[in-house]
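Each in structure tokens, the structures are laid out below.
The following pair of complexes shares a single chain, chain A, combined with chain B in the former and chain C in the latter.
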Partner chain A sequence: MPNDYIHIILADDDEDDRLFFVDAFEELNMNTKVNTYNDGIELMAYLNSEGALLPQVLFLDLNMPKKNGIECLNEIKANHKLSDIAIAIYSTSASEEDIEETFVLGANIYIKKPSSFDDLKKVLSEVVSINWQYHTNGLNKDNFLLRM
Partner chain B sequence: MKLFIKFDFNAICKKVLETKLDQFNIKYRILAFGEVELLEKIPSENYEALNAALNDFGIEIVESQKSILVQKIKDAIIDMVFNEDAGVNVKSSVYLSEKLGHSYGYLSNLFSEVTYTSIENFIILQKIEYTKQLLLTTDLSLTEIAFKLNYSSVAHLSTQFKNTTGITPSAFQRIISKRRDRAQQKS
Partner chain C sequence: MIRKVISKASVILRAIFLISAFLIIIIGGFTYKHISNLTNSTKLVVGTYKVNMELEQVLSYLKDAENGYRNYILTKDTTYLEPYLTAREKVNASFAQLRVSADNNVAQKENLKVLSKYIDALFDNFTKSNALVETNQTLSEAFKSTFFEEKIIMDSITKKIGDMIALENRQLEQRKAQNQSNLKFTPLFLYLMLLFTLFLIVVSYHKISNDLKKIKGINNELLIFKEATVQLETIGKHGNWIWHIDTNIYTFSDNLYRVLGEKPGAFPASHENFLEFVHPEDRKKVVKDNQSMIKNQDLPFIYYRIIQKNGTVKHIKAYGKLLVGNDDEKRIIGNITDISDEIENFSALEERNLELERNNKELSEFNYVASHDLQEPLRKIQTFISRLQDKESKNFSPTGLQYLERINVAATRMRLLIDDLLQFSRTNKPDKEFVPTNLNTLFEQVKQDLAETILATKASITHENLPTLAVIPFQIHQLFLNLLSNSLKYSKKLEVPKIHLAYSKVAATTDANLAKATQKWYHKITFTDNGIGFDPQYASLIFELFSRLHNKQEYSGTGVGLSICKKITDNHQGFIVAQGKPNVGSVFTVYLPEAG
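What follows is the complex of A and B.
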């Protein structure tokens, strides 16, 4: 089918992490369109704006100033217009409590930020391809939990 | 008496295409030569019927032929995983090539080319999805599920679950049940 590109958004206050993220997708050549936001307030303003193009996957950094990842996650899950977006937590922390808490709050994917660019590419390509499987094969998104 | 005629192949093809596409009520735009853009999704039965109708004129849909076959592979796999009577006892490569009438090598290459994943991975993903569903909707233990899905041992299923999702089957159950508790508290 035409127009089968995958729309991806990242909200992260760290400029380097945003750059690596965009570069990784550019090198992956997966027919993706990537937008980034610098914090939770910017992100939510976009998602709530009239006619916003909603992403298939939203990558959320947990520690952001002004509005953190958990607050964004709660707002997104409480809004039925946004509740279909697959949420990937993208964090430097890999504490079991953070992981379980965000899954319980409705996140689908938990990624500990990889330390090398090659690992980042591998992780992102896997996430997008599994999400794509869920998206195109009508799998039950409520049961979609993935930890990388 | 003889008639002498001149053809314009382009015009003929275009007219045939338009007539057939209209006949199936498909919204389309004819782009360059040999390329038609569909403006809405059409069900796969219609695809096949359209293709058959075009074949009468020597016209063949090239690209979506592949996607139809990929869809058939997926359907066959889902049937194999979710329906125990479908013959899970034979090797999946044998099952698929017999059911679809192509060699497994051909099916496997085509699948990877179109979906960016392999048949093997797709089967694992489906089995793990089925395991999740059984864990949440039945009282079956993981051992019983492993047996039902023809795993050699519960450890094998448990490892595959962890490798595919990054979490253990019991963590999965715990998270989903906490989610449900939360949803109940809210309402």
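What follows is the complex of A and C.
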């Protein structure tokens, strides 16, 4: 691997959430590089661009204007160049329908946005430290939703 | 029933009539035979007397001739010869008569021949003796022998005639005896036949008058039935019509005219006149249905509209059926019913239902969206509070920090409320699939969910063997979770919580809590705890949304959990009942119908 840091991308239309996300990784001090995008269109434009650096983990908000998280997930999984990226759904709600749909579409984990900064840090550090190979093999509907 | 009575009666009456007619013909025949027998025997008697009389006559002529002739011999006076001279002629005339009478009688015919010979001999003798008298040889031997011969002939004649009369009388007696036996038997037979015929006529009279009485009764019933039908028509807004197929004549009941908004008999009953009232848009359909009625002689239920003369539109339901009466006439009997009220009520109800459904859906969507979207700003408030508490706590005064903490508590409580509301609205969603579920397994999962609290409180949780039921699994999971966490939450501070689940099957009629039951059998699951309990007067209030019996500083809770339980049992057509005693404990009883 040419780079020794963990490359992380977040696509979220909410400014506050992007702020919390970046702050949390800053405080975690885990040698990560975080890029954020404001919506699905920006995200897909970057991923599809020439020489884009693909992330180890992609955090995907579901409810975004223009192009939502489900559409992005569909496009990523349909593209063999991108389909190996580990995808963490990062959403306010954890409705049965959303969980079911994203699981079927091939997302790797579902995170409900926590309501305290400490919890957020805990969740993010856990997700980043997951061995995706191992996690994906044992993935089922019950451990898909990350419980703290 | 009427038909049967009439047809049975007519068969019996026809039989009686045929038997009577047959008997009368027989009686007539016998009477004729009898009378002709009587006439015959009279004729015979008369014939016999005639023959006898004629024979006596012949004898008397001959005797007169003999006497006259003797007187002449004595006196030589020729006037005495008068009877002798006419005798021959008279005897011949009598003989002609006798021959006719004896035409069929062989014996008498033979006798007549013999008699005729005797008479001829007598007259020959007269002639012989007369010749001797003329020549005055009366005293001669020849005359004497002739005279004696005459006496012998005369005696023979007398005897023969006597014989013939006797024969005639004998034959008469024989025939009389023969006829007598016939005649003796016939009148008795005829009398009996007449009596029997009379009996039959009495029987048939009785039968006819009985049937008449029955028919009168039936007629009366029919009259009552007809009146009831008329009343029914008026109340039920029915109209009745009859189509006589063979004659193509229609009859409409009075109320049919009223249904059409007309006075009874306002127009001649006919198909065309009726069609004029049918709504133009429906006319084609009605004509088509009526044509199929003519073809199939049957009319299924059809629906159409009519327009009354004043413009009112009415909805009609119509039906017709072929009826073949006692008279073998084919009729189609039909009914029309004004169902406008029903249709109006139905569409109003349907509209209200749709509105209700819409409202319900909107409400649950609103509830879902509201609680969902409310989460986002709240989460940020909470996150920002935690950022302030972490990063900026040194810049706050102690009072400021206290305020911050109070904001945090309020926000946490709001989150709890929103979560529960979301849960509640999810319980409302219609995607309910009943799956056979082992409740023991389900309860173990619930215990797993609450493992931390159970461990912390050291609670003892026991349960009897639970059944496998067709339920909505996640809802029953929620129900058990809410009830169990409720018991754990409202436990006494200084006592280890004890929670027991009991199970039994109960009949709806034996349980006072199942007064509103729709099923016969219910599964009864009871959660009994030794917690703080509650005042029994709040037993039903406990299930209302946002209702709380305890201070929220003491016990956290939103008042939604038990409402969700109620909702879940409702969804399963079941019931939930709470009983409590302060400081003793609470009992929650769940009833789920057997055929979930």
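The definition used in the following text is that the second predicted complex is superposed on the first by the 127 of 148 C-alpha atoms of A that agree within 3 Å, B and C clash if a C-alpha of one lies under 4 Å from a C-alpha of the other, contacts with A are read in each partner's own complex, and residues count from 1 in each chain.
The criterion applied here is as follows: a contact is a pair of C-beta atoms (placed from the backbone, for glycine too) under 8 Å apart; a residue touches a chain by one contact, two chains touch by 3 or more.
Fair warning: this is a prediction, and the values are worked out from it, not measured in the lab.
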Go through the superposed model and pick first if A:29 touches only chain B, second if only chain C, both, or neither. neither
Quick one: classify A:106 as touching chain B (first), chain C (second), both or neither. first
According to the contact criterion defined above, which of chain B and chain C contacts more residues of chain A? B
Can A:133 be said to touch chain B (first), chain C (second), both, or neither? first
Quick check on the superposed pair: does A:92 touch chain B, chain C, both, or neither? Answer first, second, both or neither. second
Examine A:49 and indicate which partner it touches, taking first as chain B and second as chain C; both and neither are also allowed. neither
Under the stated touch criterion, which partner chain does A:145 make contact with: chain B (first), chain C (second), both, or neither? first
So, does A:115 touch the first partner chain B, the second partner chain C, both, or neither? second
First (chain B), second (chain C), both or neither touched by A:20: second
In their shared complex, chain A is touched by residues of chain C numbered 372, 375-376, 378-380, 382-384, 386-387, 390, 415, 426
Residues of chain A touching chain B in the complex: 1-2, 30, 100, 103-106, 110, 129-130, 132-133, 137, 139-140, 142-143, 145-148
Quick check: in the complex, which residue numbers of chain B touch chain A? 37-38, 41, 74, 116-117, 122, 125, 129, 132-133, 136, 165-167, 171-172, 174-176, 178-179, 182
Chain A residues touching chain C - in the complex, by the definition given at the top: 14, 16-17, 20, 23, 92-93, 95-96, 113-118, 120
